Amino acid sequence: MVETIDLTAKLGKLELAFPTLMGSGCYGSGEEFESFVDLAQIGGVVLKSVTRQPRLGNPTPRLVQTPAGMLNAIGLQNPGIEHYLLNDVKKFASRPCKVIGSVAGFSVDDYAYVAEKLAARDEIHALEVNISCPNVASEGETFACDPKLTANVVRAVRNVTDKTVIVKLSPNVTDIAAIAREAQNAGADALAVINTVRGMAIDVNAWRPRLGNVTGGLSGPAIRPVAVLAVYEVARAVTIPIVGQGGIETVQDALEFFLAGATAISIGTANFTDPRIPVRIVEGLREYLAARGVQSLRDIIGKANVGFANANQYEGDQG
Amino acid sequence: MVETIDLTAKLGKLELAFPTLMGSGCYGSGEEFESFVDLAQIGGVVLKSVTRQPRLGNPTPRLVQTPAGMLNAIGLQNPGIEHYLLNDVKKFASRPCKVIGSVAGFSVDDYAYVAEKLAARDEIHALEVNISCPNVASEGETFACDPKLTANVVRAVRNVTDKTVIVKLSPNVTDIAAIAREAQNAGADALAVINTVRGMAIDVNAWRPRLGNVTGGLSGPAIRPVAVLAVYEVARAVTIPIVGQGGIETVQDALEFFLAGATAISIGTANFTDPRIPVRIVEGLREYLAARGVQSLRDIIGKANVGFANANQYEGDQG
Amino acid sequence: MPSTTAARVHDVRVLDREELAPGVILLSFHAPELASVTRPGQFLMAIPPGGERAATALGIYEAQGERASIMFFVCGPRTRELELLDAGDTLSVTGPLGNGFSIGGARDVAIVAGGTGIASVLLAAQACIAAGARTRLFYGARTAELLVDRERFEREGCEVICATDDGSFGFHGFVTQALAQVHERPELILACGPSPMLRATAKVAAELGVPAQLSLEETFACGVGGCWGCTVPLARTSAQAPSFPDGAHGGSDVVNARICKEGPVFLASELRW
Amino acid sequence: MPSTTAARVHDVRVLDREELAPGVILLSFHAPELASVTRPGQFLMAIPPGGERAATALGIYEAQGERASIMFFVCGPRTRELELLDAGDTLSVTGPLGNGFSIGGARDVAIVAGGTGIASVLLAAQACIAAGARTRLFYGARTAELLVDRERFEREGCEVICATDDGSFGFHGFVTQALAQVHERPELILACGPSPMLRATAKVAAELGVPAQLSLEETFACGVGGCWGCTVPLARTSAQAPSFPDGAHGGSDVVNARICKEGPVFLASELRW
């Protein structure tokens, strides 16, 4: 019984054997975890975000531990799209799971340019558009904080690829559902909810911010209640699938997101706690569904969300 | 030496013997804690918010524990201003610390009406305007989420009293600094930063939200990095004093807020962990300053905040 | 149900730790002052050693001489942390809190306990027996092994009637079904346990025409009346009802009372849940 | 500095816990597989028993036969949690990780350690001695009692030169000042400790004209190269530099390398901090 349970998930054209993605920036390209995690047991890896130009990233410290969470301010360190296409992308072919490219930028042009080149590669199965990185000057965030800019970026990316486009939203806004609607209308196939929450920590001995970048993004269990609510609200506002994320560490945590309306989940910070967590969650989901006689994960999506707009997407592809 | 350290704080006309307020809704009217806390050792109590009409509050559960924090959705249960003035307010006269009334409402009129009646009472030393309660339908929050509405409420309250008016801001906005500026321009004497962060939790066995109100407000150490950043940003945008709050549990936590630019702090959820925490923080502040040969708490305010607009307020009242 | 003023924060030394059943811990500690002022049905708030969490509301199980104890079921992060405590460790607790049971002059008392509720009724049973009342304990659990410390109540002089959901010991079914079948009607019913059990107890008590005092559980934060997070709807006419204006909400006769402050023990007849 | 492939997650049983000094814990555990593949200067990530925190990067102190050990200074929530572990408990660790020291054919090696750095150099000292090299340990701490396990290094066959900030034992001052005063110049310097000490070591090594390998510390999250949170500026010409396009940033000759992946050990001459 446990074996026959259907945990597959669909994000636009992208078909996942498991509903678990590894969060962008948390899992390298997957290779880094290969020696102690069976990547064939996860749905896919979202790669570290890439930009048009190379970036050295932020000064250290780039990480601070906080209660039940952490702050990061990496600053999108990456070699730039050209070098990335030449040296890195070919390695991804060997991954036994789906590989999703992550695109970041500072102008609509940047996004379109990087997205087009990345999407053209067979090693890349889908794109995630990171319009919500809180750690690169203010520009970075403003895309995800402005409905119009969000729409412009999403439309530009949509126009350069037919592959699944996942748009990653920021929680640092007054009304995330409004931004979600714009992203859907502009052609997004799915939404990643949420990116990190802006925060900072201060060194009380040195009298200065603890992060080299001053501010950073908060992740981990601390933000889970914020993320669950964001998924709950976005799921009532759009009909495209949602990749829920923010502090998922156990199968119970994962279930909160599915019941709120997420079609798949993403695991980031929990990999820093214990790299076995993603596989444990998949096993836990099987047992949970089996114990309740539920055949498919799809059947519980949004079940704790009255007035779940998203529901209708499943009619089509039951069983 | 330790004894002579100056921990006093000023919020407009309100003079505090200690820079520690007890958060509204977390400390009743102080009486509830009197038998095991020496209230003479705290700066003041911010009372539970009062509304024009009586309110029964939200259905239970009203509380959920989350990692390093908690969600609450009390729903402003209170007997309404008339009954409150007759039966409750006179008891506050006996408190050995400052007593700050908290005003909540659903229209500009409500706020002005309740504020005027409350401010007229000698037992009330100052007012806090709660425009940011996330747990009363959507209306509640919209005040703190809209610069214009914020300005209207603050102006209306300002017009009915000369006592110190503290405006409590919500973190659930795209740009808290912009709201802070509006509040200052509309006549606020001080700002309380921050109220709770919106969140929710789901019961994975019952397939429904864990709070009777579905959504709630997240508080406790989990939100501290969000609160420290909010204080840091608001302190660069306004020149009036800030009451920093959000997850303060130790003297180190408190120092993060003072160094970010807070003139005073508020302690809420930590009282549920250990009621001795507020007094411990005061002792800890004395020791910290003494160890560094600093005479007055004022001298470290904003010291980790480059370009701290707020600094100039201290010229006047040094020593 | 007289109100509390004796509450203090006590730093206590753990004297003994016993695992009564898998995941059920009995922790006794040296707390003469607490023990001397505790009344049946009162609780304490156990301060988390590592901070970052609200204190945990736990019934005061034993209170005698220098010694008091708590009994808890490990079910989440806070009880998992308390589980690590052992003899010699120190723990801080705030208490005693809340208003307990009042036995008055009852000569025949039925005590109904289920699950963690057992931890809040031992002092009441002792008081009944000391007052010379016939004292029956109706004790329910999912299965036999969770009927923890049953013999203790027998040693104290209770008649113990057990019920298990799976029939592995005593009456097969809910403890309230066993209560409904009593031949000699008690004069007073005291109950503590999960709310479905308490609701059923209230129903049975009404049918038997016996007054019942119910000790309620709800998620607590402050435990002392400061946050209004732990409420239950109560008749406005109840002596325990917090003051609220007449005619509010179209003359609604209900007001939300704080379980930690006005309770945790309420008269079944006055609850409006 | 060969790269790692042997890293695994190991569930290990704690064999012994010793408090070497107040707040300094030596924890040894049964981990034959880990011990057999660990090389000098490698580290592991200790998985927090209670979750909700990133794993803690700790040097592998001993690795022999069935047994490996870690030594840590209790300074925050994660080490406070690890402090609670005792013989018989189980712990999960990921390792061995990172690239260690390479002694090559050096006949005279000076090892510089300060504070927690001592935990990462015992295996290196053993390797030097096994290779027949003269091995001097320059060991610095704030005060005498924090010069933990000093005798152990003597027993292994090191000449141990101690320095304390307060002069309570050995040389009064920084350990790098003691190093600067050596008469016989070593052929190789290996160092691990707080970055001020490492910077000073690099300076002294340059003055002495001796190659130095520095094991760096930074806040880690993943510990395996996945998050780019632990970087240090490195010469682009370094064999350890991650691949980066020529002429980027106006031909900057610097690139940020991951301490956990490309390091933690780097050639002093190639660091651009």
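When the chains are written out, they are named A, B, C and D in that same order, and each has its own residue count from 1.
Operating definition for what follows: a residue touches a chain if its C-beta (ideal position, glycine included) is under 8 Å from a C-beta of that chain, and two chains touch if they have at least 3 such contacts.
Keep in mind that this is a model prediction, so the values were computed, not measured.
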{"item": "Shared interface partners, meaning chains that touch subunit A and subunit D", "value": "none"}
{"item": "Length of the shortest touching-chain route, subunit B through to subunit D", "value": "2"}
{"item": "Maximum centroid distance from subunit B, chain identifier (CA atoms)", "value": "D"}
{"item": "Distance from subunit C to subunit A - Cα centre to Cα centre, in angstrom", "value": "46"}
{"item": "Subunit B and subunit C: spacing of chain centres that average the CA atoms, whole Å", "value": "35"}
{"item": "Rounded Å distance, subunit C centre to subunit D centre (Cα mean)", "value": "54"}
{"item": "Shared interface positions of subunit B, touching two or more other chains", "value": "67-68, 220-221"}
{"item": "Residues of subunit C engaged with two or more neighbouring chains", "value": "52, 77"}
{"item": "Residue ranges of subunit B in contact with subunit C within the complex", "value": "25-28, 32-33, 35-36, 48, 53-54, 56-57, 60-65, 68, 70, 72, 74, 77, 79-80, 82-83, 87, 220-221, 249-250, 269, 271-276"}
{"item": "Of subunit B, residues touching subunit A in the complex", "value": "66-69, 71, 145, 172-174, 197-204, 207-209, 215-216, 218, 220-226, 228-229, 232, 247, 252, 255-256, 259-260, 288, 300, 303-304"}
{"item": "Partner subunit B, residues of subunit C touching it in the complex", "value": "5-9, 47-48, 51-55, 76-78, 92, 94, 218-232, 243-245, 248-249, 252, 254-256, 261"}
